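Reading through the structure tokens given below for one structure.
Letters A, B, C, D, E and F mark the chains as written, and numbering starts fresh at 1 in each.
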Amino acid sequence: MRRKTFPHGIHPPEYKSLTEAKALEAMPPPEKVSIPLLQHFGSPAKPLVKKGEEVSLGQKIGESTALFSASVHASVSGKVLSVDGVHHPLGKPIPAVTIANDGEDRPAPEIQGSADPLSLDPETICQIVKEAGIVGLGGAAFPTAVKLSPPKDKPIDTVIINGCECEPVLTADHRVMLEYTEDILRGAELVRKAAGAERTIIGIEDNKKDAVRAFLEVMDNGSAEIVLLKTKYPQGAEKNLINAILGREVPRGGLPFDVGVVVQNVGTAKAIWDAVKFGKPLYERALTAAGEGVREPKNLMVRIGTPFQDVLDFCGGIEDNTNVLIMGGPMMGLSQWSPDVPVIKGTSGILAWTVPVPPMEHSCIRCSRCVDHCPMRLVPTQLMKYVKYEFLSDAENWGILDCVECGSCQYICPAAIPLVHWIRLGKNQVMGLKRKKSANNAE
Amino acid sequence: MELIAIFISAVLVQNFVLYYFLGICPFLGVSKKIDSALSMGLAVTFVMSITAVVSWLINNLILIPYDLGYLQIVSFILVIASLVQLVEMFIRKISPPLYQALGIYLPLITTNCAIMGLALIAALNGYSFVETVIFGFGSGIGFTLAIVLMAGIREQLDLSDVPEPLKGAGIALIVAGIMALAFNGFIGMLT
Amino acid sequence: MSLSSRMILVLTTVGLISGGFLAGVAKLTKERIALNIQAEIEEAIKIVVDDAEVSTVLYEEEDLVIYREMEDDGQLAGYAIQATGVGFQDKITLMFGLDETLTKITGLTIIDQKETPGLGAKITGWDAFLQFWEDRDATGLLILRKPPVRTPSELLATEINSITAATISSRKVLEIVNLSLEKVRGLIAEGKIPSEEHDDH
Amino acid sequence: MTTKTIRAEYLKGLWDENPVLRQLLGLCPTLAVTGTVITGLAMGLATTFVLILSSLVVSSIKKLIPAQVRIATYIVVIASFVTIADQFLKAFFYPISEALGPYVPLIVVNCIILGRQEAFSSRNSIGRSLIDALGMSTGFLLALLVLSSIREILGAGTFLGYQVMGPWFKPWIIMILPAGAFITLGILLGIALKIESKTKRS
Amino acid sequence: MTELLVPILTMTALGFLFSTGLVLAYNKLKVEEDPKIERVSEILPQANCGACGYSGCRAFAEAVVKGKAPVTGCPVGGEETVALIAETLGVDAGEMIKMVARLHCRGTIEAAKSRGCYSGIPTCYASHLIGGNKQCSYGCLGYGDCVKVCQFDALYMDESGLPVVREDKCMACGKCVDACPRNLFELHPQAQEVLVFCRSEDRGPMARKVCKAACIACSICARACPDAIVMENNLAVITDFKKIDPDKIPDIEKCPTDAIGRIHKDEEIDEG
Amino acid sequence: MPNSEYMIRSSPHFKDKDSVPKIMYTVIIALLPAVFTSVYYFRLKAVVLYFACLVACLATEAIFLWVRKKPFQSLWDGSAAITALLLAMTLPPDLSLDLAVIGSVVAIAIGKQVFGGLGYNIFNPALVGRAFIQTAFPVAMTTWIPPVTLHVDTATFATPLGNLKFQDAVVQGTLAPLKDLLLGNTGGCLGETSAVALFIGALILLTKKTINWRIPVGIILALSVFTGLFWLVNPNKFATPVFHILAGGLLIGAFFMATDMVTSPITPRGTWIYALGIGLMVGLIRLFGGFAEGVMYSILFMNTIVPLLNRSFRPRILGERRKPQ
């Protein structure tokens, strides 16, 4: 099988051997879960329960109000302790429903599967997915229902199931592919039906050949194609994945719809199958707890709302000299200041790391490595300088808003400049200016 | 061949800015942004070409036949001043954005020594009519080249950590000095 | 009076006054300036032709002027040739002398040049370049001696000393002289110079 | 007008509003003729002559000129004086005039002169204009002197033609070339700004 | 005689020719511009700071002359400028209230707990982007973005880690208001003495945990002055400072965390 | 909680091991073969020149860092040392030390620090320093001595290119043999004579991907095509492209100077134009210009264009439509 890939990008050390052979382990539900009502950017869901109320497993406790928002469900059964702001992995305190686990895992009565999921029509599938609060499990947590219902004028021809897991260290998706191969295939079929696409392609990087074999074993002919990809970061980023597999380029500021593609993570595909077949809402997810600081790295099935501390304790605790705690992968993950934050739908990994003092920052020597490696073909150093010296309109012209913050540039930068941080800063400022402008125009 | 030599010499070898030190004011003043530098360069090129023609006519049809060499200065500057004012009014009428872009520098073309210098040097070199036109045009292009290169460099310097007292004119002059060194490479290429 | 007519009037008047004024000043200085220019050429001639007192223009074209030089007593002192040509950076105007027989160069001086200061500009002031022009053979092509020598005796009669690090400027001077000499020889062959003298004798 | 204001009017041209170092005016001649002190001085004096006389004329006829032909008139006045200066140099200081080349006629477009007429003489009395012109031209002369001294001493090892550096000194030819002029003036401007910011702070 | 006549004639002719040309061109091509714009523009301080909401002083002048902007639109120039502009345009200036920028946070290094060990670009905005370096998600981050944008030298960071406004120098241009990623600055009339020094919307216990100077929503102040102070999102808000009864100020200052109270004018004079 | 202070920072949390000092020291190592060759050919003179330039450059850098209150660590990042080495390598072996020191001071002060130090300079610092002394002291900078291995007893000696330009070496048949050019057994600047030593260094840089391969390739390509055309037309008057590549400072310029990251374009298309421009201009100067050698001027001239190139040749962003320009 020929290996496909996209231009540019980097190849950081993988560190996957620690956990890739470890089967997913279901972590026992903790005593207390805090389920934030907002798990991605957007507006928080409206709480449906009150303090003191009894809830059951899978019960909807937050109703999505806006388009780009998803419902949330109880991940344990028990009593609601509070509906109040808690620290959140994304930084700001966010209202969350805290539930004391009664240990019974009483399923909610409304949970009902459908006997023949593949016969459902697209609208129903979308509806179920929306009700189940499914979001993209790759990390960005984009509501899946939105992805499944593209605008009418943008016909979809291809569904890509993203099995790249290009982030170093993380192996949860890998394990999901090995252990839930059939579920993923079925979920993929549902996605294809819902989106009205003709074909399904599963993209897997060549460092996970066993997953390819697993798929080939269970696949009945023709239901999906498998494309082997050269291991490279950030292959899992939608735009690069589409470029790698189909050679299509998503237009600037556009979405995969614009080139007739829907991309779903393998975990999401499984979640869709679970939701449609068994009526199971998204209340748990697979994640990798690893890193130098974690004593026993593991792949885990964790209930949403479990505090990081509990997960880390389950993995034997962390080393004393741990000084970085990350939610997500090492390239795009968010550093956490406190282990009290809960696991959310987008938590693909919990990493504890011991990093040395950051290397001394030099001034940019224009080595152009960031230019050579940027998967979006931007000029990160120039963007950084435009932001630093406040030439925001130039930064916009040079495509700062196209940056996907994959971190390739900063990884490769010999001068150790916090490029991604600068670019994020610039993106925010540019967006702020734009908002201001449109507000002024609206006046 | 002679004409090409005059042209290339005016652009690269005896560049008005870097060799004759003419037009330093706009060279420093309007070289902060590439776009405005380009407009300024083109405006100067335009005015230079016209000046070359008109000053040649005056010099060869009036001043030399009547032995009025000493009226060169007054008559040239009068021509230039009126020309520039005409151009200014013209641009203001037909292209307000261009006028906005060049801002206060358009009137300054009057006192741009490059224009006056062009008329004088062309007269001094005793160029023929066609040579004068080529010389005027080439000098304008040379000015444009210098100012646009300078603007490119200064845009990059905007993103640099230049010591406070040197910011602006100081560093621009130093860059001009190094540019003059680099342009030295062209010396002797035409002879 | 309307604005327009006032504008015209003022500018015309200013032009009138300044014109008159300048004409006056020019009248006062004109002669001196002419004298200055004359003096410069005469001085150059004196350098290149010994005992030259009276000059007459024998021949004149765009880049070449030939003077005949007489001593006080009316005896022929030699010829001075003023030539202009392209140097390393810009034009070079120079003057060189020929003896009575038009076969030997008697000296050379640079009137005007814009060569690189301190380098090519040495053609005006560097003794080892200028002094070594005496007694060069003017009947054939002169060539450049490289690297430079220290005394004139080291040079052949057909050789010219060069300037270290300014080879091109020295070569340009040589080229101008060679070209002018060729022209002069052509003129002799055509009988244009020194024809008048032949008539005299 | 009190003595104090006269002094202040005069002194401002030396430093606070020094045309070259602070206002960046008249840079073309500043760069072009400062290869040797003597040409620098000659240029400075010629400029002084033109500046003072045209200030006098402009301030005395300022009321007669309609705004639309203001600049044209000033220029003719200035050009007349420049012509006189040029003729004078040619007649009595021929070698210097040769060395200055086209830069004497170019005094006519020296921004300092027109700038002063625009900014000062056309709005002020004859006396004040005179003082202002004197101050400005002294400032210009000083700047030329400083620059040309540096360039001549480093570039030729001489000052006003007299050898000032020992025989060990190798002249830096670059200093009398355009590149050296630009770099030296750039550094001078930097130093001027540094001094200014220091004095301001204290 | 011709020696004199020719130049005089030439110059006269040239002068005549060009002046005529200019006059013709002037009449044909001139562009009308309201001379008032120039005059107003000359009055303005030329700081080109954009506080008026226009791209520069000249743009503002144009807007004022065209009636698109109020004569009081330039906060930097102060009353004098307003008066001059009003006089030029012949309109009534109205009253101009001196405004100053004020910080709504008292989370000094000591009071507000820091959050982890921040290692990134040392600006408030950058820190704010990744959650901030203080446990409080609403408070001042202390990197002085506001000080950097202040054109009038009216802000400085003091040792406690908070920016201080020199009210005499503050021109109320609003740059700091825009610069603060947490919107802690607001322009207030200088006369307003009582202020809420907190923006935390956290519930009391959480707010107290992260910062000693946080508003813990105890509503003592709101009870003391119900007309002027209300509680919104766990935070005291002054709805109308004019309605604050001066006699009640001591009651307001009973705030257990000092999150509301008078601005300590005396101190600032010492430091400024 | 074992550790109360976790680090808060933006992603990514991984970092490649390469660093600015590493890059700089790789370049220095790559320069060493040529440095040693020059010491072999010019003995003590070479050692003293290298030493003088190193000391002067580092001292100037240190003074600027001190005055501008910048971290002193950056003195040892290797950039000043590279400038010193490159400057020394482009000096005539017999140059007096005061001139070398002036060149070093100018290189660091005017070439680099006035722009803000490492990473901000527009022009290659070593070349600024060299251009300065070349223009200031043209005679000293064009006086050459033969290498000790040649065993000739002349005070001055012409470089192969000087021979070509001023002595009509092709016509006279006195062109330096290619073998000498390869080994460096000829006159010229300290570091430029031995093509082999430079090739070894270039190989190091290319395999380590420290330099952009497009630049040397572009320069050599443009120069070969340009000089090759003239050579084909009249081999009796013009030297072969191979001679032009091996002689003079072309190789050191193409591999070590034009490739200076700070002063070369950051985009591939810009890089090609830059490289081809240098090659072409070297050819023009050598064949028709006033100088025997043109590498320094060509690189400096193209340096002035780099900001424009960087601006005009922004790469096409993924998904961006090609606009008709």
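Going forward, a residue touches a chain if its C-beta (ideal position, glycine included) is under 8 Å from a C-beta of that chain, and two chains touch if they have at least 3 such contacts.
Note that the coordinates shown come from a computational prediction; the quantities given were computed from them, not determined experimentally.
The minimal number of chain-to-chain contact steps leading from chain C to chain E is 1.
In the absence of chain B, chains linked through touching still make up one piece. Two chain pairs, D-F and D-E, are compared here, and D-F has more C-beta pairs in contact (counted per touch definition above).
Seen from the Cα centre of chain C, the chain whose own Cα centre is farthest off is A. One inter-chain figure worth recording: chain B and chain F are separated by 33 Å, centre to centre, where each centre is the mean of the chain's CA atoms. Rounded to whole angstrom units, the spacing between the C-alpha centres of chain A and chain C is 85. Mean C-alpha positions place chain A and chain D at a centre distance of 69 Å.
With centres defined as mean CA coordinates, chain E is found 43 Å away from chain B. Each of residues 68-69, 72, 76, 79-80, 83, 87, 173-174, 177, 179-180, 183 in chain D touches at least two other chains. Each of residues 70-71, 74, 78, 81-82, 85, 161, 163, 166, 171, 174, 177-178, 181, 184, 187-188, 191 in chain B touches at least two other chains. Among the residues of chain E, those in touch with two or more other chains are 6-7, 10-11, 14-15, 18-19, 22-23, 26, 115-117, 119-120, 126, 129-131. Taken together, the chains touch in the following pairs: A-B, A-E, A-F, B-C, B-D, B-E, B-F, C-D, C-E, C-F, D-E, D-F, E-F. For chain A in complex with chain E, the residues that touch the partner chain are 84-85, 90-93, 323, 334-335, 337-338, 358, 418, 421-422, 424-425, 428-429. Residues of chain B touching chain D in their complex: 18-25, 28-29, 70-74, 77-78, 81-82, 85, 107-108, 110-113, 115-117, 120-121, 124, 163-166, 169-174, 176-178, 180-181, 184. Interface residues of chain A facing chain B in the complex, by the touch rule stated above, are 363, 382, 385-386, 388-389, 391.
Taken together, the chain B residues at the contact with chain C in this complex read 13-14, 70-71, 74, 78, 187-188, 191. Only residues 88, 116, 118-119, 146-147, 164-168 of chain C touch chain F when the two sit together in their complex.
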